[in-house]
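By written order: A, B, C and D. Residues from 1 in each chain.
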Amino acid sequence: MTDVAIVGASGYTARELIQLLLRHPGARIRLATSRKDEAPRLDALHPSLAGRIDLACEPFDPDRVAEVARVAFLALPHGASMAAVPELRSRGVRVIDLSADYRLVDETVYEDWYDHPHTDPSGLREAVYGLPELYREAIPGASLIANPGCYTSTSILALAPLVASNLIERSGIIIDAKSGVSGAGRSPKLTTHYPECNESLSAYGVGRHRHTPEIEQVLTGVGRSAAGDPVEVIFTPHLVPMDRGILATIYAQPRGAVTEHDLLDLYREFYRSSPFVRVVNRLPSTKDSAYSNFCDLTVRVVRGRVLVIACLDNLIKGASGVAVQNFNLMTGHPETTALF
Amino acid sequence: MTDVAIVGASGYTARELIQLLLRHPGARIRLATSRKDEAPRLDALHPSLAGRIDLACEPFDPDRVAEVARVAFLALPHGASMAAVPELRSRGVRVIDLSADYRLVDETVYEDWYDHPHTDPSGLREAVYGLPELYREAIPGASLIANPGCYTSTSILALAPLVASNLIERSGIIIDAKSGVSGAGRSPKLTTHYPECNESLSAYGVGRHRHTPEIEQVLTGVGRSAAGDPVEVIFTPHLVPMDRGILATIYAQPRGAVTEHDLLDLYREFYRSSPFVRVVNRLPSTKDSAYSNFCDLTVRVVRGRVLVIACLDNLIKGASGVAVQNFNLMTGHPETTALF
Amino acid sequence: MTDVAIVGASGYTARELIQLLLRHPGARIRLATSRKDEAPRLDALHPSLAGRIDLACEPFDPDRVAEVARVAFLALPHGASMAAVPELRSRGVRVIDLSADYRLVDETVYEDWYDHPHTDPSGLREAVYGLPELYREAIPGASLIANPGCYTSTSILALAPLVASNLIERSGIIIDAKSGVSGAGRSPKLTTHYPECNESLSAYGVGRHRHTPEIEQVLTGVGRSAAGDPVEVIFTPHLVPMDRGILATIYAQPRGAVTEHDLLDLYREFYRSSPFVRVVNRLPSTKDSAYSNFCDLTVRVVRGRVLVIACLDNLIKGASGVAVQNFNLMTGHPETTALF
Amino acid sequence: MTDVAIVGASGYTARELIQLLLRHPGARIRLATSRKDEAPRLDALHPSLAGRIDLACEPFDPDRVAEVARVAFLALPHGASMAAVPELRSRGVRVIDLSADYRLVDETVYEDWYDHPHTDPSGLREAVYGLPELYREAIPGASLIANPGCYTSTSILALAPLVASNLIERSGIIIDAKSGVSGAGRSPKLTTHYPECNESLSAYGVGRHRHTPEIEQVLTGVGRSAAGDPVEVIFTPHLVPMDRGILATIYAQPRGAVTEHDLLDLYREFYRSSPFVRVVNRLPSTKDSAYSNFCDLTVRVVRGRVLVIACLDNLIKGASGVAVQNFNLMTGHPETTALF
């Protein structure tokens, strides 16, 4: 049994995480923190948790976390996370950080895209990128996991087999991604006010979404063994009127002749040991992976282009589910515990 | 051609009103006001208006309104409206007020339900309640129209024939009402944040919604000729995950034996001269009256109770459409101009 | 470990049931049947099950079911169920029937509401109504469970404490119920075609929904000890544009003075041993019980009427979750196994 | 006043068309046809039309149509349309055909994509493609209009300025398009059953959607003056859980250096005389053009690629609105009549 803490308990990813951990036979939630003054009970923050956990939030105190927990899940905004992480690690707490703070290995890239300096560059260098399908070996020994972004996981899982096999051109990859509204977080704003975004569809952050450098960094790493070119993507996110789910439609230029059949085989082989990636023949629907830790994907060849279509639940496989998957690897549980 | 002003242009009812007036052959929008400092263009506030109207908002100035417009539509929050109305009326501008400020004839009732004193009691006494189906005679000569609430119109249109005919008990009437989210206005808040209210249904304001005294006041007036008892309702609003539409399911105790057939006849006769009330045999769906100025309703008898089921578009027939209907009556146009 | 069969695997309740059972440490799905000729795999019927279960459907054969399973869950249409049930029971298979076929104890009532004769009246007399909150004692020994309807469970859980305590009048109870669209099943038809029911709300089956006699029968039984009058309800279902969730707003006439505080206490006491009923102070939202086996409810007193507002997930607590709850009781597992 | 007939009145485009024509001061609906035996009233087919038009459908009879109408709008399935069109034209009725039957000028292309022979090749040669923004000159004199497809109009309006100006490569153009569910028509099927497609997103028809050759044919024609290469697109449609709206995100390779500013100027100039194309600076949302005849679009340059993002209401600007726009041009009305 591993005692865990939830640091930053008020958002959607924290709620999903708590629900998953309550099903986990080897995890016990000992502490939850919130910046709210009134120390709300978890079931006041999240009424769906009523009857399942009896815990009031506390203000964040690293000594207190270290006293009761061996692993901390951080669901804080970026910027806030890198303030808390060193405090926890110096007290021996292993950290799974769901923010963006430890995902970009180059701190200058972080500063370019997040508009503030990185205050924990040494942490940055020690963090392991928590995508088990690619880094299953490194995660068990990690003391700090940078849990991937939701668009990022979708895009990387969709492209890694092609990049690793050196089958596609590394620039000009187009990722047309579509996300449900929960990906925008829990703070009310006009763009996510129901009568504004319901029954509507739009692109946003065109050419400047912060998951772009993360996708490129990881895929460049994936491709390193095969060839030296960096991966460059054109990433276009869209807001879709639904709660959950991301679907990415990806267009790449093959370097030689390819067939759908061979590509599907390649993908199946690549993900043979990954229980949460389902390579399917049909065109996947987000609903079939919603509320699950699965990523569904397929491949098509259209007029000489390779299309990869991948989807997952942004709050589960795109955030809290993969966090539990990382936790499982870090604590010696089967990778799927609490996730089926 | 009547020159009109829109006072308070940033919300949904203002947007709908402008769209209707742009189709009106006898109305010209000369002025729109907004409390925002930057004097936004109307198509910046409401991108759907791009290419249809070329107007920048101004701060509210009663002299300026009186200079350019003969009729002002006020789409202000309650409280703000009763500050502006006397300023406009004293300058000779006729007012159609879409707020709640002039709907309750008794200022003490207003103060009980709205928690602040009424500052224009003389205006209150002169206002005509703008529900044309009941007050078609009084509206043409009015200088101040209190445009009805959305739940209110639905409930009153559904019950007026029964109350006027003295066919039901006047207390214990149950109005179980359901509304789309646009009825909650355009200010973002947690309850109307998309991931909170999408795919969810809940009651709210149980026993204390401010449309309760308005429904009771008008229906009591309707029933006055038939018998003296005040009407008393139990009004329960619900929030439904859709943009538009209100549906009220109403349960009343008949005073004697009734049949569906006779009741439908009664309703058809009652609304014979009302082009926007459609008495239907089928159970109405909100979608069939959405984006229109129609109110659809039907009647059923179940185990000795009378059920009335009525629906309308809360932003059109429940707000801006009926405002234009009132404008038509006030300016000598056919009641249906710009509304079909 | 109990071997189970799913008879009728193609609908939504079967899919939910399978997902719950796959998490159950004491159940093993050995067989699934489908009337489709092609013997589809479960993950072809339900792509969300891919990677979780490797099973192809078979045609229904009672010998085969009896050979491999000790408990059968039947998710067949009414009418079809009562043909299969005796075949299974005569072979020693315990049955949890999710259809309506064994819910009404009086076969003439069944025939009145379902328009065909009941062909297994002896089964009818032996069936135990599978609402654990009321019949927790009888379920463990049952060989045939009539799993309750979704509207029914919502309404009964909401009213049972009041009826059992003899606090309300037994006639004239109004149940204004609202359901998500999955309650209408998986067969495409115009009323559930997306562009018809999305963004729309309507009542349906007014005065003649088949859950009416079921609610009345069970509540009459609940009230029997307190007083002899049968319970009579006016039940009005509505279709709401969302996937899941039922919310019932119930209006009853108290027999004497009541307070919200005392009523909430009464409810908390009544459901003290029922882990899936959450008596809450707030007005519940369907979303907080969606995808869970909880029923959330609260009580209000408005103008001398008692209002009960109750909600649950129609596919889980309203169908498959309660089926697993019954299975747990029948097989000696804790009531909550696989349901948190 | 022009007398018109609606041939095939039961679908969504027919309903929208009738609503637009009821607002048209120069059109009178004299006849509507339906293949249904029972000759339903229009307001039985479409309850939203109650109180607006009093007409019962008739079976299709070309003599009868020719007797009462000078212009016929055909909202028939492809295949059925080319059977009716010659019958009407030979009787002197001008036809606006909303099906796909007359859109592809090369009948062998038609046969390849629609899997049956074209039975009216001479009609095919005389039809004018009804996209007023490109063919405003040819439409007034036409006796047969091939009204464009919804994805088609979106894509063509988005790309025509770039192709006409010879600014982009003509092959490898990626059109990632997303549509609301009404685009799938009114016949219930599993993919558009509410609980299947609500809260879900998926691609469909990848590489084989029938709007592909239509887009290519028209854009190739647009580009003919500038250079001879045919246009080739990779077109990927997606189904989005909303009623209305198409948004296309388009990726093209510029032939030389381009800037967003210059491209926006180019678009504004290209559509200077087109009142229904709004070139906007912001990223457009489908909701802002929903229920209108506008097409909103903008241009971005991202990492050397040109992105065009365009949207419109598939039932209005993508079908019935542009049909009325064509009608206006054919009958000498201002292009915008009944469409603002």
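The rule we apply is simple: contacts are C-beta pairs under 8 Å (C-beta built on N, C-alpha and C of every residue); 3 or more make two chains touch, one makes a residue touch a chain.
In this text, all values refer to a predicted model and were calculated from it rather than measured experimentally.
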| item | value |
| --- | --- |
| Minimum number of chain-to-chain contact steps, chain A to chain C | 1 |
| Reference chain D; chain at largest CA-centroid distance | C |
| Whole-Å gap separating chain A and chain D, where each centre is the average of the chain's CA atoms | 40 |
| Distance from chain D to chain C - Cα centre to Cα centre, in angstrom | 46 |
| Chain B and chain D, separation of their C-alpha mean positions in angstrom | 37 |
| For chain B, residues contacting two or more additional chains | 180, 196, 198-199, 241-243, 284-285, 287-288, 290 |
| Residue ranges of chain A touching chain B (in the complex, touch as defined) | 12, 180-182, 184, 186-190, 192-199, 241-243 |
| In the complex with chain C, residue positions of chain B that touch it | 172, 174, 176, 178, 180, 196, 198-204, 206-207, 232, 234, 236, 238, 240-245, 247, 249, 251, 283-288, 290, 300, 302-303, 305, 307, 309, 311 |
| In the complex with chain C, residue positions of chain A that touch it | 22-23, 47-48, 50-52, 199, 275-276, 278, 280, 282, 284-285, 287-292, 294, 296, 340 |
